[in-house]
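This structure is in structure tokens; I'll ask about it shortly.
Per-chain residue numbering starts at 1, and chain names A, B and C are given in the order in which the chains are listed.
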Amino acid sequence: MSGGARTSQGGFWSVARAVAWRNVHNYFTNPAVIVPGLLFPMFFFAAFAGGLSRVDSVPGFEFQANYTAFVYGFVLLQASAFGGVFTGFSIARDFESGFSRRILLAAPRRAAMIVGYWAAALCRAAFTVAVVTAVALVAGMEVVGGGLDLLGMYTLALIANAVAALFGSGVAMRLRTMQAGPAMQVPVFLLLFLAPVWVPYDLLTGWVEAAAAINPVTLLLEAGRGFLGGDPTQVLPAFAVGLGLLVLAAVWAIGGLRSAERSSA
Amino acid sequence: MSEAAIEARELVREFKKGPRAVDGIDLRVERGEVYGFLGPNGAGKSTTVHVLTTLLPPTSGTASVAGHDVEREGPAVRAMIGAALQEAALDPFLTGREHIKLQAALHGMRGDEGRRRGAELLDRVGLTQAADRKVRGYSGGMKRRLDLALALVHRPRILFLDEPTTGLDPQSRSALWAEVQRLASDRGVTVFLTTQYLEEADVLADRVGIIDRGRIVAEGTPDALKAEIGRPSVEAIPAEREDLTRMKTVLARFGESVASSPKGAAVRLSGGDAQLAEVVRALDAEDIGVEQLQLHAPTLDDVFLAKTGRLLEGADESRPEEAAQVVAV
Amino acid sequence: MSAAFATQVGMLARRSVLRTLRQPAMVVPALLFPLMLLAVNSGGLQAATELPGFPADSYLDFVLAVCFVQGGLFAANSAGTNVSNDVETGFLSRLSLTPLRRVALLAGQLAGIVTLGLIQALTFLIVGLTAGAGIETGAAGALAIVVLALLISLGFGAIGAFVALRTGSGEAVQGVFPLMFAALFLSSMALPRDLIETDWFRTIATWNPVSYMLEGFRALIIQGWDGEALALGFACAGGVALAAIVGASSALRTRMTRT
């Protein structure tokens, strides 16, 4: 029978597409899933763009656009990153319920799973970002940067999404339980919030300033805001760091997959 | 000798924090055969299936499916097999039809081909009407049938079924048996079936491997295995409870005691069926009234008992009715 | 209160407390999340204290109040989840077949939440003081902070129980959680109301009872014994608690209908 006709014609991309389709389908057909994912960034945006707007009057606050745009720069990164983390939740849920075995059984090259989940994460994040962007524009966000600047900003968000998705995938496949949620969320949360969230880096003081100085997200955030404000800053370091994180996260995810394969029963 | 569909040699699977779930299994399943893997809970059945279906690597030993090594040629193995595992592993948010679509897409089937195949399978397992309902609303039997359909989407030549009828009502169970038999006889599919139900193994399997504590303790056709034990057993329930002890003493003259219901006594007849009349006469001579007298042909449970000294779980429920001659007195 | 009733309440309270404390996934985020935000915000927004009219020199003093309210939100989630589990598993039906009085059930359930609320309040107070926050009103003020925090936990916990009893669904409880966070976000959480520039936001914050709860805490921490702020804070917390308990009782009555 060896060398006999394969009955499955599944390849890498058919598996990735199928996995992505299922996750995107479940996301868009379940209000219980879609609404909370949208609400948090929206509330966050409304609360801080609306409630903290006077902060841009603090001496030394330098930003080319208005405070709404300043907050948007963070919310964009946050929505992208958490869109990636939710991927990890989906994977953990699938392992816990046993559904992942269905995919592991069908996939000739199992790394396709990770690509499929990440593609779904990207779709989710894109939808969330689109909604938040619309709200921000209605709320009067100033966009000073041009087309190329915006492309740069969204590319950084894409990288953040991929890094978070691969990180979450790695955690989920190692722990294979929904209890892994905090293990995925907390590191991403800390990285996001130990950055210049409310004020530019130059206005941070104390231990938060020290943390932000070594936090790679600071570079991504400041570069993203620079693009939005039409004053690109630290572009090359931001992309270099982003791509470096992407490579590390990919290695982490593949390691997670190998761990899952060794003991997925 | 032609290449086996499934072959394992000294297969071992250990878990870090537990005993050896699979402790040196040798087996060979020929193409087109229905092989029943019978054993109690925790015997190692599911672990064996997980290794053979490439979901777990073996700790040691070798296994090949469709001529491909499960450890080194996983993708090739997966391309040839279908599996319906112990948990139905369904997504509660998808409909039956969407599950088929997903499975077809995973196996690289084009949209229209997948749809045709899906319609055919849903019809075959009786789920056409429920196909567009979300699976969370399906009964246990419906979920199992969908799981079987999903395992067949890509027309595998080798099918693994891990306790496929556990928890099903008798009607659903019979329907599933009929489908398995059809697959094997009409399509020549090799079926590796694990079960803890004697009747299931008896009815479906060409050959049975009995596993206990990670090892195969007996292997052969059901008839051959039962013939090894050879002798039938008689079970009697006294009309008066207080006669039970005397009944046991009388029956003990005819063979060794075996498990029975709490209200009665049973022995394996050393002289075979012919001794039944003597048993009746002996009980009558002692003036012991008998409420019920049954003669049981040997079952796979008896085989298991002979090999391991224990009964399979649930053995009482699955005594084949046709093998018992119930005598109400 | 009769002895039998007291026994019932005690028994259910014990179950509720143990059940809550045995779920690290409930307890740990309820403690850690507010503290993480406290750490991040107190450092990240220190610059806001330079705004003219900002009531404190340390943003930590200002934002500590938020922890106590966030604790209440987690209480809502915890209570709602526990009660919805009881509904979904049929445990509530089992209790309906006993002589248990309905009010004992609710009292017992909320006792667990108040216990979690006490642990939270003490934790946040100790961490805040350790990090350098001052309590302008001293030890008596610290006690008042704890009492206000417990009242908020009770109120939000009852909201969670209400949602769970009305819907019988854990998913519905999880769906309401973000909305309750919205109530926190659309308040004077980040800046005092008089420093909020955006008109619509300031209006919402003015109507939002959470703003007054926060201002009650801030009066005790920063300003001193401000009668008006304290009255409004306790009144809002008490009002929410009363309304929620009435709602939860009514929902429980419907859910536990028996002849």
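One rule holds for everything that comes next: a contact is a pair of C-beta atoms (placed from the backbone, for glycine too) under 8 Å apart; a residue touches a chain by one contact, two chains touch by 3 or more.
Model, not experiment: these values are computed from the prediction.
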Among all chains, which one's averaged Cα position is nearest the averaged Cα position of every protein chain shown?
-> A
Report the chain whose mean Cα position is at the greatest distance from that of chain B.
-> C
Separation of the C-alpha centres, chain A versus chain B, in whole Å, is 47
Could you state the distance in Å from the CA-based centre of chain A to that of chain C?
-> 30
Gap in Å, rounded to a whole number, between the CA centres of chain C and chain B = 55
In the complex, chain C residues that touch chain A = 25, 28-29, 32, 36-37, 40-41, 43-48, 50-51, 171, 174-175, 177-179, 181-182, 185-186, 188-191, 195-198, 200-201, 205
Write out the stretch or stretches of chain A touching chain B in their complex.
-> 1-4, 6-11, 14-15, 17-19, 21-22, 25-26, 29-30, 97-99, 101-109, 261-265
Footprint of chain A on chain B - complex, ascending = 3, 5, 15, 31, 46-47, 50, 53-57, 66-68, 75-76, 78-83, 85, 87, 89-91, 93-94, 98, 102-103, 105-109, 150, 154-157
Hey, which residues of chain A end up touching chain C in the complex?
-> 32, 35-36, 39-40, 43-44, 46-55, 57-61, 179, 181-182, 186, 189-190, 193-194, 196-199, 203-209, 211
